[in-house]
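Given below, in the form of structure tokens, are the structures.
In the two complexes below, chain A is the common chain; its partner is chain B in one and chain C in the other.
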Partner chain A sequence: MTEDEPPARDARADGGDAGDGDRTDVEAGEDVERTDVDAGEMPSWSESAASRIVTASAKERVFISVAAFVASVLVGSVLVYVSGFLVDCPGGGFLGSCYNPFLVYYYLFVDPFIGGFNVALVMKESVLLLFTGLSVAVAFRAGLFNIGSQGQLVLGALATALALIFVAPYAPGGVLGSLVLVPFALFVGAAVGGLYGAIPGALKAYADANEVITTIMLNFVATNLVFFLISAYFQDPESGSVQTVAIPEAARLRPIVPFFEGAQFSVVALALGLGLVGGTFYVLANTAFGFDLRTSGLQAAAADYAGVDSNKLVVSSMTLSGALAGVGGAVYVMMVMARYRTGIPSLGFDGITVSILAGNNPLGVAPAALLFGVMKAGSLSIDFSLGVPKQLVGVLRGLVILFVAMPEFFRMLARYTPYGPDVDRAVATDGGDDDG
Partner chain B sequence: MSSLAVHLDGITKRFPGVVANDDVDLRVPEGSVHALLGENGAGKTTLMNVLYGLYQPTEGVVRLNGEAKTFSSPRDAIDAGVGMIHQHFMLVDPMTVTENVVLGNEPRKWGGLGVDRAASRRAVVDLAEKYGFDVDPDARIEDVSVGEQQRVEILKALYRGADVLILDEPTAVLTPQEVEELFAVFEELTAQGKTIIFISHKLDEAMRAADDITVLRDGLNVGTVDADATSREELAELMVGREVLMDVDKDAASRGARSLSVSNLTVRDDRDVLAVDDVSFDVHEGEVFGIAGVDGNGQSQLVEAITGLRDPEAGSVSFDGEDVTHDSRRSRIARGMAYIPEDRQERGLVMDYDLVENGLLGNQHDPAFAPNGRIDWEGTYGHVTDVIEEYDVRPADPSASARSLSGGNQQKFIVGREFSQEPDVVVASHPTRGVDIGSVEFIHERLLELRARGTGVLLVSSKLDEVQSLSDRLAVLHDGAFVDVVDPATTTEEELGLLMGGERVGTVDAAPPRGDDA
Partner chain C sequence: MVERNAYVAGAAGGAVVVLALFVFAFVVPVDWVVALVAQLDTGLLSAALRLSVPIAFAALGGIFAEKSGVINIGLEGLLIASAFTSIAVAWALEGRVAPTAAAWGGFGAAVLASTLLAGLFAVVTIRYEADQIIAGLAVWLVALGFAPFASQIIWQSVNSPAVPTLDNWVVPVLVNVPVLGPAVFDSNPTVYLMLVAVPVSWYLLNRTAFGRWVRASGENPKALDTAGVNVTRVRYASVLLSGVFSGVGGAGLALGQVGQFIGSGQTMVSGRGWIGITAYLMGNYNPIGAFLSSFLFAGLNALQFRVQQIAELNIAPSLVQMVPFVAVIVVLALVGKTRIPEAAGEGYESGDD
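Moving on to the complex of A and B:
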């Protein structure tokens, strides 16, 4: 899709923070050497690891992520091994400990890739996180912290389920039905999620209300509204739990490929998710709207200068963000539950971590979501196969995310502190910003 | 020879990929004023940061009074008697002059538990008296003039025992009269044995105030000259490395129809204070209308209201006869209004974008750059390459980030981007601020070229020589209102200075010249 771009554009394509990757490349010439020289040259704080993280190039960022991952596994292994001494087990286990760190990590990261059922489980979790990850990433790139993806997803999901149940009697069955119903459902999810995202957007643009606060509050509103609506009007009379009746068969997203038979995963959903990953990337990188959005996120004053209507942009980027979450809700209903049932997992919140892990780059959302999916599936197999408590596995997952996400998180924070990429300025300029 | 207060001996400072200072020698005798002259990016500030302990030199030695010193932080430099006054003052606005001066080194009482305010005040008053400073020890920083704030910064350094004072572009924010006052302070200080080094890129200033001038170019010391024995031309050539035309040649204006019209414009600033009060003027096609004034007298708000970044409270702005007062910024861009903003790093460029993306800034909704909302990156790339070449932006690399460019090159890029759109009207706010002389000359030529093509130009600048030489008519803004609109060709710099202070030319004789009482 980017064939017609000159080569220089490729540099942008890999940068989560757009020009960032380019910048260090230009200044340093050779990425790797740069850090070495840096350490000896710069004064005081900038010798610290923190500054290297902040000014790292794209290549270095990948290296940092891998190193962080390995470090988290090392720390986690020690933790698992030591924890194994605190419990009693028959047969001594591993070197005196009841838990074998190698086995734990084997089940966490390798086992999920063995067998159709396991792979399907991984893919199901990963696909769902694509949507919320993208949702959060789009808002982030516009400089907005959308914590409300969860609420937008929940409302999008309910609206999808109700719309499908409502049109079910009029819809054709079979393949034709799927061709009509699935796009219809996705549209409803996107529309309702988008509208629900537009609310905090409008509140920020026209009433100066902080979007972090309003989106958090609107999450509660969404969850409770859904609970009320179902129990008061749309309750499945044959069920004890708070849920709607099933959606029509034709609207269900099936595995399609025999390898995944019987799983709550659909290749169609995967294709849709990856399509949105590519599409979102394309919109951000190659359209005037995407340019406006990224400019606003990076430097609001410059966006004003460039003729961006900041109010409209806040509303439209929150709408887009909400719509992506809403599509996630629609997919959840059609692929996983086949109805709406309360107690949707925290896909929206995990989306925040996925987005940070991805450096808020749409293309990075795919691997980040996969990592999440693998670990979710892995914890389940540890649960089945080893006697290691769930809580400890949760700690291991947390360690991986913490280690891998922190460098990216610091990079984001660095923008807003004096320790940001500005440190390089003394290098290139002397009176650079003289009287400015 | 033994009385060298500062001797920088073969200082080399290397940053990754850049040699900021290359074997620079600097000798400053005790009790003298030394100007460090050079274009942007010549390495002046880096060199001074080495002296002030912010950077450690890669090679070379810093000697104070003949003694080799190693500063690992500014703290060490201050202890050794080196003080630096930065361009942006490091003062606490709501605190008084006295509190600011003693901050961090307050005289103590009650066994160190309390601040001895009386002693603080006495110390500040004594210091001010000793050096003949005109400061009110009890005034709050936010209430005093910029010139006085600068004197407070100097007092702060003296209070900490500085014998060598470094000033980074000290005159950038001052009126001509305040500059005179500052130079009088220099004389007083050197008379009492202090040594002063100041950074500048203004030739006249260096020649006027300094005993010796050292010129840096590309990190090299290209010559130290006696200020009394040199000329503007010699200095300019040293700085730029080639001959520079010092005077602007311009043809007579051929005034056309009204291009930009401002009537009874009233604008409030962010704090809701009246910043522009009932200002009216017209800019005609083929004319440069200049607005002079000390920074902060409403220029920013006036320009923002004209360019669509700020809603005026009253009055109107029209463009080619059509009222655009409430049009969006985007529609004004589409109508052909080019705008060089005063703050290039906040507004004019996105620092994390490369030059290609920055070339698109403001043009992203122009069908020529983004047909149907899809950005034509290839076309933009080509356009940016042209701008870079024509405006001699360095490095000549479209994929360089804006942040990696020096201030002067950032400015040239913005000017190139805006002028290449063949605008109908240009609003240029401090178009050469912080730009070296070679580029200033170039930007001025481009501005006059637009004027010759019949473009209306609104030029706002605090540089007197700039507005004076470029403008066809010159308005002086003071406290949000025009003091007068004059013919720049027949008005002297002194008269303009007084107008900038809010006094009308007619009262020149009656009022005592302000420079004298300092």
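Moving on to the complex of A and C:
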């Protein structure tokens, strides 16, 4: 990928590469970070964290993400191989283990593309990850850790389901109904998710409450609140599990394309997700709000100095982040469940991995969501076909983040290969240039 | 500055209690209050102490790590890893050795596992200069993913069967002291460990050379380096210590209270590591303060369990279960920004390699 580049070439030199989507933020990142090293002010948890990841050059980020992904899959397969010694298998195994790691690769990454059903499954998982991935990424770019996408998605989903059930008797059916109900549902999901995201934002801005902890606590609150609301007021009387009644038929997101017939996947949702990817990228890259948001993420003091109301910005970025997660919840209800049922998969936590894999760049979220979606779909087939627990994907989710967090590790590895991108960057702290 | 924070933390704790009393006294009907007050007995005190164990140990560990300059927000993950390991090992030993030996074997293995994971975190953050927050999240998510995966491998279910647990130790004479006796001196071994670890940690941090190094390594690593102390080594020791403490906490939760591993959702640890972080922030990095804050959260949790069982209150359990989490949010908002160590979150490279 980078072998034709001289290793010592500075990242900024190739800032003009065509098609290099995040050129603008690379520039912004470089300049602000350089001066930030010795700011001597009280370090805040998130500022230090966000700046370091954001400031890697685009090329380096892609390299790190790919390397981290490969490394975690390698570690994961060793884990699977070792686990194979602990289980009993009738039909022999692979080098003493019940699990063959090569078959695991096959089922994780090849099998998901074979057959319409599998492809639809991949698309379903990937589409859902677009929303939470974007949600985490937006907060991250503002220097905030939104670990609460899960809770925002859960509440957005419940609100969507309830709103749809409530308006069902008054809504028209058919295509007209869909045209009215789907946007309405998305709006409700975004509004409720956004409001729930605004809470930790306001707590951070006006009470200095650490958002990592408040968002995690709010996840627990959301889970309990949803359980309470449904079991006390909105329980489907005909069901044993805790769930609402079905949403109106016109609000279902259907596959539309015959190839995906019968799957829990909708081209409309895909288009919506990709539209939000583009929209979020545009807002971050080309609007005043996006510029303020990115500047705050890189160096809050500089943004303050430039006249940004940092409190308001924290609240609005968390609201936007929550709204994106809430839209994800609405899509989940309309595309997958057709009702709200407790036990929503951990899309919010997956979103953290997707965002980090994407270098927190909205455009990167699309390929990262696809990669992770393939893996999630593949985890079902390793469970079904090989008996390897599908929880493996949870391990990989964490490992990816661990490896992305240590770019220094890959830089060291890179020193021993001719392919290392920008090897000398680590020592190139030549103070503040101003080529931006 | 330190005193101001102590006041703020104290006021925050007080405010929570007052707020709770206010809610109960004015919003809640009288018979509820009567039923609630009836719950405040030695049994509740004893339960609160027991529930403090994982939170307080996580908090103690977090203090050492962060004081040395490494923010360890992976405490939740360390608790998950140790809770799982303790149960898995106790389960494997069951039947081969005496039940007590099996439980202690699980305990030892849990501390080892948590320390190893903390060691990995230390290498990643100190050697490879990973971002501490992201690496901490990774430790959490790795443990959150790994424990249910391994449960599924071992037990074909994310939950384990019941295993031998650590039995209570009764202190002969002291147990007859009114109130305190039955509440404290008929307790799980891990509760005694906690009651010892808290003052020892305070002494270690504030009255020994090691404690000075830890604090200097977080406030001004360059000065410590100049004085001839290896900053990297101090940070490794502190992070490993946070692993040891969290290991005791996780094993205390699993073997001292629950007796099995529960891997669904957020696992049985269910946020206790995060609450531990809040506890030491509220206690302003003071081990005693951190313990008192842990005790406050654990007390709320113990009360919450009780309230679910009072028939005349008839509150939905899911509603009551929210209380400790909401309390954490309220406390964080009241405590506000704490003064974290100057160099926390930053890697340190000595000039002379």
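Quick notes on this one:
Everything below uses one rule, namely that the second predicted complex is superposed on the first by the 288 of 436 C-alpha atoms of A that agree within 3 Å, B and C clash if a C-alpha of one lies under 4 Å from a C-alpha of the other, contacts with A are read in each partner's own complex, and residues count from 1 in each chain.
Everything below uses one rule, namely that a residue touches a chain if its C-beta (ideal position, glycine included) is under 8 Å from a C-beta of that chain, and two chains touch if they have at least 3 such contacts.
Everything numeric here is computed off the predicted structure, so don't read it as measured data.
Of the two partner chains placed around the shared chain by superposition, chain C is the only one that A:Ser83 touches, whereas chain B remains out of contact. In the superposition on chain A, contact of A:Glu249 is made with neither chain B nor chain C.
In the superposition on chain A, contact of A:Ala301 is made with chain B only, not with chain C. When the two structures are aligned on the shared chain, A:Glu408 is found in touch with chain C, with no touch to chain B.
In the superposed model, A:Asp236 makes contact with neither chain B nor chain C. Annotation: chain A residues 43 touch chain B in one complex and chain C in the other. Per the touch definition, chain C reaches chain A in the complex via residues 71, 73, 124, 128-135, 137-146, 148-150, 152-154, 158, 265-266, 270-271, 274, 277-278, 281, 316, 318-319, 321-322, 325-326, 328-329, 332-337, 339-340, 342-346.
On the chain A side of its complex with chain B, the touching residues are 4-6, 8-9, 11-12, 17-20, 22-23, 26-29, 33-34, 37-38, 41, 43-44, 286-289, 291-292, 295, 298-299, 301-302, 304-309, 421-422, 424-436. For chain B in complex with chain A, the residues that touch the partner chain are 14-18, 20, 38, 40-46, 49, 54-56, 58, 73, 87, 169, 172-173, 199, 201, 309, 328-330, 332-333, 339, 341-354, 356-357, 360-362, 364-365, 370, 373-375, 377-378, 381, 395, 397-408, 410, 430, 433-434.
If you check the complex, the residues on chain A that touch chain C are 42-43, 45-46, 48-49, 52-53, 79, 83, 86-87, 145, 147, 203, 207-210, 212-214, 216-218, 220-221, 223-225, 227-228, 231-232, 349, 352-353, 356, 389, 391-399, 401-402, 404-409, 412.
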